[in-house]
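Each structure below appears as structure tokens.
Consider the two complexes below, in which chain A is the common component and chain B and chain C are the respective partners.
And then the complex of A and B:
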């Protein structure tokens, strides 16, 4: 992914007699600098040193934020990249949380190599079920249908969790035993922080690989004009179901980490509030860029934390106004202050362009 | 055996009968023009063939297969490609990526995820862009193109799917005379491997590139035949005179 330095030579000879308006724009590529890797690197460095600088209780808070950032990635893939309006992303996050909590409570399974894959699979399975139902019709489903469908799913799960005694009803499942690796127990603190940071980095890199692949180009087509790519022969509904399921799996992974980190799960975790929260993280930071989702989560959570400390009564109003301002004036999120449209959308053939131009 | 055979196609929208038993037959490597006054059902017939609309009645066969109930995706995979009347290039993507998107449409999921066809398709992308005189804009966003160039890009994308039948709905809409001439030139070479159905208001353009014409009027076929047959046809002259 080196910097894009040169521009394709105009090798079409004398064919430019036809209205080639603004052919100078082709040269703009020459000054294109890659901002994204710099931002990603800076966030990573900040995340790596954070526990060294923060007090213990803040490291615990930071761990929670990193887990939520992982959750935000899942929504960003689904909405920011594939254009599927999932208003029920917490369904996968929370059901995985409940799933691992039950494993720990009823079967005494807390081994990290069992609970995290289990949580991921639960998220995946729920997303396949819901996605299959909402997205895999013979004809493409409307945005309204999908957003209301996911919202309803999340709401129904919330009500179900509240009413179901086995799941602890209103109180949820308290005091989940810690996640273990052999005899080592992961309790809140630096070790847990670096564990989730490591997981976030791995998942981030996988997502990055995916959205920059040719599959990512298909997703871009899906987001921009689903009908058009169906006429090319893409199985658009399948693509949507696949990315929705991947999103569900990541949300499930995040949910299981969250359950063990907090030590309890409660009905809100599957509900509409958390589903909306993740939408806000991504819109705030900048949907359609992976790092935007991470930054959005850090800032929204950070600001709420600070505001709730300092302006106890009115902080939700201040936060709401801030979010509104960003969404009104920066619909592409905070990342758009430093990131241009061209780099945000990306270029899927650029690497080969360099290879090709160097050879002749 | 014809490549495409649409027979008895009717399409009713509420109280409006857009098509009333229309038919269209296209042979291999044939350029077929679909003409008629405004509201005669040309675009609707096109959409029924491409799968954007489901006909109320009638049957569409393509390469000996009944495709009446096929989705657009299935039709595309069978070898049919459509350029919409309203240009629908993907504006934020580069021209290069627009073409690549169309070229890789039938790649397997694993090929897409691991970008296995990216290198192999590069030359094809550049060839198509060069063919349509867009190579020097390859890495600009499609939104930056002029209207005429967007139409070319869209034709290039429709061709990138390697169709056996290309459906063009008003390819020269909004183009200058010079751009129309070039469009005609760009379309000629595809005859070697592809048939064409073209809806167009510019009768000179149609006459220059088409082998056969079908004339629609009020949802029915008024006449169908070679260009000279149609030009000599009384009733065709009448409807055009009547409207003119």
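And then the complex of A and C:
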């Protein structure tokens, strides 16, 4: 993340005059700007006490949900904030999972301080490669090209993983040894849960800082009208590549956690199935709000888990119907029931709060 | 010699299947600007209708004839109810059609269970040319594909309906001003594209058998083919389908199938990156 922070001011630091125009939206919103922290706090409290109330097997399930929420966050950053449709987010999730699985299997490296950065770097590297290729270049790429390009990348990776004997073929890599910290082994349970929750909170706060910064404002502009942002003198393609790479890194972190938590990786993890799943989470919860991604994941996975006993067959149909309804009637997701438009857009930059207080 | 001929026939027949599937996808993408994620499920529905006909004891070819009409009618209804709302936003259209596809696919999965159901070929046996045998049904598919291609081309280039479709594509507001009902044209175009997918499904089900993920298998190949060929014309996606279909059938003969599989996609994406307008640029037929 350090590298990213250094890039941000270099790219847009000199353009704060333009950026400040966005702060007008927050002026009247000051009195309303209360709901988001409440929702975030409620989710955090619920997540903190959950293992105390849940039975052991449900804690394991909750850990998985938290990891997937981290993954959803990465997609939300890319789609909800920068308007890049990444239909292949699982490519970074899964390749990091495969990467750490190979580290554990062939090199016997399971130290948490080695495998998690390694997974993050794998996700970052793949995202830089794919994003750099798809997004950069002399002509700006169309949204259709980027979305189908990422989808194709994910599909091709799926096929490759299925056919490559070294990666275990159809079966993937089973029985990965658990993640370690010194002699302590992270096995499924509340310790793993709190570890993952801690990581989610840290990443969430970093993302929140990022999207509320000047960089975030440029991203929002990118999402609303890319051409105008380019005319302002921003390097729109570079901004996109940067946020895509950050998204890839977060997905990689989630993927490596997922691999160690489940104890195995299999081709679906890089493929279209998981890629579209994360799109579902974020659309349900509400893209363009970080908490929406987390809530969407919890709801979709929770209801899916709850219904899976009796209604396993019809649940995907219900999911499809609900998704269609959300897209048609609630394009901003379930979070838009409690969150106003003004609060969703929010304000940007560090200094503009004082300015409001000063100006009548 | 005989081997080379068999290989050539295999490549040709697979290419024909891809062309058949991409036709509908290409028409919807070119004429309406929508990348229809539910297209694979329209293929699946066509296959399912054919299977139903077979299971109920009706001659298979009756099912194959009925499939495009039923799927086309469903496409018309879906366009009027849902797809119509997505025209302004291509990404939302992708997500919406994805949701539609999910509903259709899972419904069919519920109906057929997790099985692979086989449907016999209506034209069985093989055609013998000297010492070589080629499957009569695959040969029929090639012939039908050629006929459908020719028919679509004539429909779009020679009939008044085709003229209206092209007018709507090139300049919707001028088309409306000239008294063309563009919503009706969009509905008809979408239904036509869906009907072609239904026909494709009906024809390929004896070759691939019926399973819920049948359509998904071809969807991404189809998208890549449309992009390679070039969105905006009728002939572009067909050309792209020919290239992608031929490559994906031919490459496994010269290298490991896994590598070939991935290589086709990589080559296609690199090609599109450097030639975004595709093989055949420009609008029209």
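Following the convention adopted for this analysis, the second predicted complex is superposed on the first by the 317 of 360 C-alpha atoms of A that agree within 3 Å, B and C clash if a C-alpha of one lies under 4 Å from a C-alpha of the other, contacts with A are read in each partner's own complex, and residues count from 1 in each chain.
Please note the rule applied: contacts are C-beta pairs under 8 Å (C-beta built on N, C-alpha and C of every residue); 3 or more make two chains touch, one makes a residue touch a chain.
These numbers were taken from a predicted model, which means no experiment stands behind them.
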Partner chain(s) touched by A:233 [first = chain B, second = chain C, both, neither]: first
Which superposed partner A:160 touches (first chain B, second chain C, both, neither): second
Partner chain in contact with A:61 - chain B first, chain C second, else both or neither: neither
Partner chain in contact with A:139 - chain B first, chain C second, else both or neither: both
Which superposed partner A:194 touches (first chain B, second chain C, both, neither): neither
First (chain B), second (chain C), both or neither touched by A:345: first
Chain B or chain C, by number of chain A residues touched: B
Partner chain in contact with A:215 - chain B first, chain C second, else both or neither: first
Touching partner for A:320 - first (chain B), second (chain C), both, neither: second
Intersection of chain A interface sets (partners chain B, chain C): 139
Chain A residues within the chain B interface of the complex: 7-12, 15-16, 18-23, 25-26, 28-29, 138-139, 210, 213-215, 217-218, 220-221, 224-225, 227-236, 242, 341-342, 345, 347-353, 355-356
Residue numbers on chain A that touch chain C, as the complex places them: 85, 87, 133-134, 137, 139, 141-145, 147-149, 151-153, 155-156, 159-160, 162-164, 272, 276, 279, 283, 313-314, 316-317, 319-321, 323-324, 327-328, 331
Chain A-touching residues of chain B, taken from the complex the two chains share: 50-52, 71-73, 76-77, 81-82, 84, 88, 90-94, 96-97, 100-102, 104-107, 109, 111-119, 122-123, 125-126, 130, 133, 135-141, 144, 146, 148-149, 157, 161, 176, 178-179, 182
For the chain C and chain A complex, residues of the former touching the latter: 35, 82, 85, 90-92, 94-96, 98-103, 106-107, 109-110, 216, 220, 223-224, 227, 231, 257-258, 261-262, 265-266, 268-269, 272-273, 276
